[in-house]
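So, here's a batch of structures to check.
In what comes next, chain A is part of two complexes: it sits with chain B in the first one and with chain C in the second one.
Then we have the complex of A and B:
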């Protein structure tokens, strides 16, 4: 039955090729809107998925959002206006790039502060170490080291 | 009956874990050899019981024993066998059991492979691992017991989440956990060294291969998870900066810092304190990841607040482990013996810079992962932190890191000369720069970010080339074969670094030149993507073991010749009736072709997504090369030599000890 169905479809496909073979239409007709959407939907969270963007998700939610965004863009809304609309409806949660405001300041400044701090600590530690006097070995330590080296040599010959 | 055996084994394992945690540690503190010698057999016994429990749970899954609640919730009679086995760790309880199985497995490996170690050191290492194991076994038995019975038994199971019904489930979690949990060994070595007050090069030499193996598994585990996400989750994304991913990425970053810092400690005796601290941090981040993933805090802070038992338990464990070891560190970290002196410009300095950058990276991921949770918990709103944020903050940290990688691998220990380095590397830099400017043109269009990414990867390749060539020349000058004297450890390092370069090539090119088409296709319609023509030949119904699917037929044509047929599917699983999209992917060294069925639209047409993804497989190829490098470095002669020497030399002593033990037994 399955095979039969497939043959049927294949036959249909062949006829179809002859009859109406044509360039597939893009889902979003307007190329300018398609480009803007591709960019914008990357930054929107699919609220029903696990950590995926609307652009990456095939869920019903994402399909709805895409339709909504397309409609708004066709109405001539700018990217900012579309984002504003979505934030109003779903909150900041839908934005993968959190807006810069007082509550998110630490999030945006944090990494750069960390990096500056790390750099400063690095420089201080290294400068301090470079100045440290060389630790002289005591005669016993030198003797012990020689003994170890000899042992190693012997073992090297053994093996 | 079998589940009860599993349950009982788990309780016995807990009893043994407690013995393992207490007796050897006290023995080591008091110098009681008999107590110390308990460590190995108890650890092996514990592994045996955990493995038995795990086998019992697996048996319950294979036989579809739906009188076990966990099995009824995560399996189904229609589920194919390999997924019934994978389903063992497909839910919370089972994945915790896998966690403990890995932990005891690592402990077992330590107990078998560390014959050379001093008794007190091994007693402490195994004792610390026993402490961790005790905590997790308590956690499983008290809050997440997989053996709880369901009375009356269910007639049919609720089935495994269709998202998880994939070979990825069979390989990815065990691999990831091997790595994750493997850092416990480095952690245990660090704590043992602090307790024993012996923090020397020998200690670094012992922890290094263990850390490398763990790192290798973690690298592969993360890469496999990424591949899985690529073909299963969405539309060709390979990393989502999802908190669950970040949970495994943070220990990876800290672990990468650790393997570099261990190199300094082993070779030069420096950074001892720092290395110990990193070992503690790496394992703490593993635990933190477990907490994030397992407590439910990610799904919703509020859901966590209403049923906090599990979360609070892991949180307490986390606080005890991290807090306890930090306190121990503050108390016992050596104040003297800073190791060999080194100049401002030296390999040591470069490696320290590497550590700082990797830790800043880890802290950044931590901030981005925890911040939304904190904000939410404080009632200050709900925000998402996703890919756009991480690319803004991550690139500035990673760029200097990759740049220094080329310089550091070339610099001498102790003291390097900056002008000398500059002379040696100027050709590498020139070559990298010129190719980075030209190659984007060859790819079709020039973007600054692509050029920048390529500059970094070509820089990596060029510096490796210069480094290896220099060694070969020096060998030839003294009349030896060019590649002699290159240890596995050295080759492993260069290989791992080359892996980073390949990874960057993949990321850069796929971000720069990926082509996406979202089209409405009637039967016979064609669309052209990056030189390939895709013709839609319709759909047919097909049946899998536990799903029905609509399968599309997409003919790929290149230069007028038929290349292949792609079969993307839309599946509907019988039990959970959740529609799943299975993309069809043709994998290639320089490009992937990716087709995915969308929704049926009017008149027999379908919405179809087609991607051309150049060099995407280099991303995972790079990761596997990195892992291979780690594996090579781990198998370096000096680690094997050390263990063989031990095995040969004191065999007499072992016999004597054995004889003593038997005599003691008789007495």
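Then we have the complex of A and C:
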């Protein structure tokens, strides 16, 4: 038991040092820049860990981007200018939300086109169905249906 | 047979086509916005000779490769023999951008594995790497005589990529007129 505890504590200690080694992000002094950065880095994709934003990621790539964004903001660059700087180097892919232009038009318009198409098909099908004449039953068919209904009723009473 | 029963089949085939294509794409390869754009200019001290400067400007007039590498980069080891072999053939000058490395470790690395580079620029803080949109090492740029980036290889250069893509491109660019 004592040995087990020792291993556990040792493992915990090792994990602890690793975690400490990871946390080295420098503090941002200016609260206004900190706020702008927090907002902007949420919208940037970390290119080495593509599911994550630059704000969420602890990768070297994201650390570099954050450092650069902070530097640019301290130099007085606007958010748009910072985004322009990054897109020029890494392409639109660094933005989670692709900008609207001719190559990305299908992305932005596509869903609405598909929805309109689906809606049109639905309307046409429903209109056709509404126009279809209701078939009149022949007297024999009416008699047969009544017989069946009567049988059902009888069965219901019997049980 | 009514044709409308074929609709699900057609939809299925189209979907398989899209999904199959998506499966074959490599999501880590992000298209570079720098292709066909002027290569960012930089001047850095040389790896082996801190006093000497390497200026990308000085490469104007010839086709060259810029290979981003680091001693800490694992895939660079895989790529390195390909570069050493290419350098031995003297087809195209290869310049290194030693990315976020230390001089002793980088120099040691080249001593052990051979140095294919005419020179390596020492990009200690990765600032020049950022101008080139480097996000994964190794990366290799083919830059033409006018200083325009014509190709970017993300990840290690394999012998087949070198043979089928990079070398034919280099030859084409070398035959083009210098300005």
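In this text, the second predicted complex is superposed on the first by the 106 of 159 C-alpha atoms of A that agree within 3 Å, B and C clash if a C-alpha of one lies under 4 Å from a C-alpha of the other, contacts with A are read in each partner's own complex, and residues count from 1 in each chain.
Everything that follows uses one rule, which is that contacts are C-beta pairs under 8 Å (C-beta built on N, C-alpha and C of every residue); 3 or more make two chains touch, one makes a residue touch a chain.
Owing to the predicted nature of the structure, the values given are computational and were not obtained by experimental measurement.
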- Note on the structure: The chain contacting more residues of chain A, comparing chain B with chain C, is B
- Tell me which partner A:128 touches in the superposition: chain B (first), chain C (second), both or neither. neither
- Message: Contacts for A:64 in the overlay, against chain B (first) and chain C (second): which applies, first, second, both or neither?
- Response: second
- Message: Just checking: does A:38 make contact with chain B only, chain C only, both, or neither of them? Give me first, second, both or neither.
- Response: first
- Message: In the overlaid three-chain picture, which partner chain does A:91 touch, first (chain B) or second (chain C), both, or neither?
- Response: both
- Is A:118 in contact with chain B, with chain C, with both, or with neither (first, second, both, neither)? first
- Touched partner set for A:48, first chain B, second chain C, both or neither: second
- Note on the structure: The shared contact residues of chain A with chain B and chain C are 50, 91-93
- Complex contacts: residues of chain A adjacent to chain B: 2, 5-6, 9-10, 12-13, 16-17, 19-28, 34, 38, 42-43, 45, 49-53, 55-58, 63, 91-98, 103-104, 106-108, 110-112, 114-115, 118-119, 121-122, 125-127, 129-130, 132, 134-135, 155
- Note on the structure: The chain B residues in contact with chain A across the complex are 233-237, 240-245, 338, 341-344, 349, 352-353, 356-357, 359-360, 363-364, 367-368, 371-372, 375, 380-389, 392-393, 396-397, 516-528, 535-543, 553, 581, 596, 598-599, 607-608, 645
- Item | Residue ranges of chain A touching chain C (in the complex, touch as defined) | 47-48, 50, 60-61, 64, 68, 87-93
- Query: Inside the complex, what are the residues of chain C that reach chain A?
  - Reply: 27-28, 30-34, 100, 126, 130-133, 135-136
